[in-house]
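In what comes next, subunit A is part of two complexes: it sits with subunit B in the first one and with subunit C in the second one.
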Partner chain A sequence: MQRENLAVPVKLWALGCTIIGISLTDDTILTCVLVMAGFLYLAVQRNWRLLQSFGVFYGILAVLLYLIRNHGLHMVLFSEFYVLMFWNLFAVFLVGWDLITTPPGELSAFMSRIHMPTSAILGLLVMFRFFPTMKAELKNVWCSMRNRGLTAPAQFFLHPAESCEYVLVPLLLRCLQIADQLSVSAVARGAEAPGRRSSYYEKSMTLKDWCCFILWSAVTVLFLWKGGMRI
Partner chain B sequence: MIRLNDVSFQYASGLGGVSEINLTVHEGECLVLTGPSGGGKTTLTRLLNGLAPSYNAGKLTGTIFLNGKSLAQTPQFALARQVGSIFQDPKSQFFSSDLAGEVAFACENYGLPGEEIQKRTNHAISAFSLDDLRFQNLDVLSSGEKQKVAIASVYALRPNIYVCDEPTSNLDREGSRQLALILKKLKAEGCTLVIAEHRLSWLRGIADRFVYIRDGKILWERSAAEMEHLSAGQRKADGLREIIESRNMNVSFSMNHGDKRPILCVTKLSCKRKKTDVFCDISFSAYAGQVTAITGHNGVGKTSLALVLSGLWKEKSGQILINGVKMRPGERRKQIWYGSNDTGTQFFTNSVTEELLLHLERSEERLERTRSLLKRLDLYRYKDAHPASLSGGQKQRLSIACGILSERKILIFDEPTSGLDGGNMGIVADVLQEEAHMGKAILVITHDEELIRCCCDCLIKIDEYGNRA
Partner chain C sequence: MSQTNKWTVKDVITTVLLTVLLIFIQLVVNMVCMVNDFVSMVLSVGFTMLLCAPVYFLMVSRVRKRFVSLIYMTILGLVFLIMGNWYLLPYYMAVGAVCEVILWKNGWESKKKITAAWTVSSLLYNGVNLLPLWFFWDTYEAFAISSGMEQSYIDSFVRYYSSAGWLAFIVVFTTACGFLGSIIGGRLMNKHFKKAGVL
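Let's turn to the complex of A and B:
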């Protein structure tokens, strides 16, 4: 089912609320209230994939926290500190991840609306394209190395510097080439045009957006009121 | 109308350019720029869309007029609204990971009202039959689909002039046919088309005039009718591709292999990636001494098949036998070479020679074979050049040379002639045949029917239901 993203201002407000909530709260364990609100917020947007993966991770954290508190569990690699840190910050991760996985077009529409300069908007769009493009390139480089027999363990251990060079040289060259092609593509499609940039995704706040806005405000106030504040 | 008066352009790097160009492109005309790779076609398209000298620095003399106004007085962003540019490689030109965002990109840059952008974007998506891809990530589309998206993104801005640089290099026959229909429609709407292209047959019925450029100069101009009467000898002398598409393959694909045992035997092979079936139940055999073509629509799974065969991906089910022995992916990698269609990430060393001899023993015999292969593929003068400095066509030939020198018995090449002119395509076809006659089994994934006619002995067609030989 298609994801139905809330407006970007609501997403930013949700992120602000979770940051304020976990920064001021006196009761770390009670941050689960914010996390539950976060799960509801993902469900409203039909972001089932994120809901599923974060839900499983939160469940594991809950089990680990229970074992640490009641059975004295102690792990070497993922110590109590990390478990508590993730538990505490989970609401921020959840809302933050939802924000950065918003389609870049919707983010750029919001940036246009608040009159951000075109160069900043294009910079953001390029940044969002950079990671998937480089991931695909890295996959291609690795595939070529395997095809040419350059990934054998003996090769890696006997010539580590050479192996690194094999990965880095084509990757950096592709990086330059992609940067050039992206610039040409932008210039040839009017990226240098003066004036305010508009957007396909331009949309105003809907009733659902306002409801989520009010819900986050109310949950944060209630959470700080009941859980206590540390100022 | 576009008019070039005594135009010369030399790149700041000192390499390449065009000189003494006098050319007029009339409104509503379709002009095709053709000629050998590196002859100056791309430079001329860059002069028309203003990228040279505004983006690609260099020295420009002479004057280019667009509708009577000098291009030198027109800012790049204003020119880009009148002249739409379609490039060769669409995959690294996207600014969005979703279809609508990408198609709308140019309209957004010009600040068109939101409703107008939505109208134009939706119309462009429908016009190019891209509705089914609306909710797909652009990164997972096939190269043909990506090219369609790139063209749709220009179409949404509705420029009067379209400048295309080898737009079909990643398209199959059906993709080229669809592109031809779109260009016909644009032409009927009164748009002017300038197309730099090696493959000429798909332009039949669209092109009005052909301009031949070599060494940066226009050597001749011919009308579409004159081109159709060009003799095969003249065509070959100028290194041109077919002008009229042959109605049939005109080769007899022999299915009788006598009592020869296949070197590669594939039975009921299937592949699944991320819960999606890429291809199912493919069965075929390949024989030493033969060049086998693998063809099929864009996105049907040809490249995935090659990756599975060469052990770079794992199969879901089925059997791959090499010389009658079932082999695991790791073992197949030592027996089968895969030459990707993306040459950007295939080279690892600092020179062409180093690349060819990477991890190979440097015996006198091998060095001699390397030298003769470089000469055969017209790469000998670049033997000390960095692979990254080569042109697209030269990289493709270097990739083929690497495969041949790998001494593996089965070689798979993915679209080895997509950016090659007629002359170089002929050379590659000859080299592939020679290697097959030396006892190798060669599989070529291609949409290039001219290449199939030139050198292939067998044809395997893959469709959504498997393969048919």
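Let's turn to the complex of A and C:
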């Protein structure tokens, strides 16, 4: 079944609610309430893929947190502090990831509608596309290094500075190339042209959007009321 | 050739792309350093500033406009805001403003000024660990205890960040790493980026 994205204002509101929730809460463990609301929110959008991957990750976190708190688990490679931090921030990651994987056209249509400056729109879109782009670029750099025999552990330990240079320099050069390509593409599509921009992707709020909007407001208020606030 | 201070689409995209890369490197270094208390609390900020210096150098040298540092620090502050540390947003904006003052008069043309800006940011970056201890200790301690952290971790944190000797070492080490990173960054600019024609 195809994903049915909610309107961008609802997604931003959901992100705002989760940030306010985790910033003000007194009860870190209770943030699972926001996460459950987040899972429901993904289900409403039929975003099954994200729901599945985040659900598995949250399950692992829950098991780790249980073992740390009740059985004194101490991990060598991953701090307990990070387990609770991820647990605490999970609702923000969930809603944030859903927002950044929204089609760029829908995001830019909404931002144009609220008269956001073009530079800010471009900046946000670039930020949202950073992770998929960098994943591909890092993979290419790694393949090139492996072809030249530079990925052996001995090479990293004996020449750490050179290894860093081999990764950093091509990655930075590629970043600059990507920035150039994106700016040429944006300018060619009229990013610097004056006047109001319209979009094929503009859409108004539906009943489902309003329901989610109210749901997030209610869940956040209830969460802070029951869980207590820091201030 | 006259240089205007008006931002173009290319400047915005380059600044945002390299800023996100800087923040990504910082988060990865922090996570890797969490393996050991000493490395995490004493050395990690220094390592971060060392690794990020070439990226910062490239960003400032490439964009050649005012407010690059302010935008970078503001986005960094926003990331901390999303993570629940709202007080780091105004702090990093202030750090960005300090960098802007250093770079105000065409600072991007001078390696010394970029080095000074990054070294000062490295010194002030320690606020990420010190501000919670000085102003929000109760919240931080409650979070650490509820996460199941051992008391030894919390004791180490207090020892490193409240003892004058350790504090001095951390500040000096971080600043020195930022300075060393800037020197390396400056050399990399000449060795690779100017030759490649991107600066």
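One rule holds for everything that comes next: the second predicted complex is superposed on the first by the 153 of 231 C-alpha atoms of A that agree within 3 Å, B and C clash if a C-alpha of one lies under 4 Å from a C-alpha of the other, contacts with A are read in each partner's own complex, and residues count from 1 in each chain.
Note that a residue touches a chain if its C-beta (ideal position, glycine included) is under 8 Å from a C-beta of that chain, and two chains touch if they have at least 3 such contacts.
Here the structure is a predicted model, which is why all the values come from computation and not from measurement.
J.: For A:Met145, select first, second, both or neither according to whether it touches subunit B, subunit C, the two together, or no partner.
T.: first
J.: Once the shared chain is lined up, is A:Ala62 touching subunit B (first), subunit C (second), both, or neither of them?
T.: In the superposition, A:Ala62 touches no partner, neither subunit B nor subunit C.
J.: Please work out whether A:Glu137 is in contact with subunit B alone, subunit C alone, both, or neither, and reply first, second, both or neither.
T.: First partner only, subunit B.
J.: Between subunit B (first) and subunit C (second), which, if any, makes contact with A:Leu182: first, second, both or neither?
T.: Both: A:Leu182 reaches subunit B and subunit C.
J.: Contacts for A:Tyr166 in the overlay, against subunit B (first) and subunit C (second): which applies, first, second, both or neither?
T.: Touch partner of A:Tyr166: subunit B, not subunit C.
J.: Just to be sure I read the superposition right, which of the two partners does A:Glu192 touch: subunit B = first, subunit C = second, or both, or neither?
T.: Both partners, subunit B and subunit C.
J.: A:Ser119 contacts which: subunit B (first), subunit C (second), both, neither?
T.: Second partner only.
J.: In the overlaid three-chain picture, which partner chain does A:Leu30 touch, first (subunit B) or second (subunit C), both, or neither?
T.: In the superposition, A:Leu30 contacts neither subunit B nor subunit C.
J.: On the A-aligned overlay, A:Leu99 touches which partner chain: subunit B = first, subunit C = second, or both, or neither?
T.: Once the two structures are laid over each other on A, A:Leu99 reaches no partner at all.
J.: Looking at subunit A, which of its residues have contacts with both subunit B and subunit C?
T.: The overlap between the subunit B and subunit C interfaces on subunit A comprises residues 118, 122, 126, 165, 169, 171, 173, 178, 182-183, 186-187, 191-192.
J.: Would you mind writing out the residues of subunit C in touch with subunit A in their complex?
T.: 7-10, 12-18, 20-21, 24, 31, 34-35, 40, 51, 54-55, 58, 62, 75, 81-84, 86, 139, 143-144, 146-150, 153, 188, 192-193, 196, 198
J.: In the complex, go through subunit A and note every residue touching subunit C.
T.: Subunit A reaches subunit C through residues 19, 22-23, 28-29, 65, 68-69, 72-74, 76-85, 88-89, 92, 96, 118-119, 122-123, 126-127, 130, 134, 164-165, 168-169, 171-173, 175-176, 178-180, 182-183, 186-187, 191-192, 230.
J.: Within the complex, which stretch of subunit A touches subunit B?
T.: Spelled out, the residues of subunit A in touch with subunit B are 2, 103-105, 108, 112, 118, 122, 125-126, 128-129, 132-133, 136-137, 140-141, 143-150, 165-166, 169-171, 173-174, 177-178, 181-202.
J.: Going by the contact rule at the top, pick out the subunit B residues touching subunit A in the complex.
T.: Interface residues on the subunit B side: 49, 51, 54-55, 75-77, 80-81, 84-85, 87, 89, 92-98, 100-101, 104-114, 117-118, 121, 135, 137, 139, 153-154, 157, 307, 310, 312, 333-334, 337-338, 340, 342, 344-349, 358-359, 388, 402, 406.
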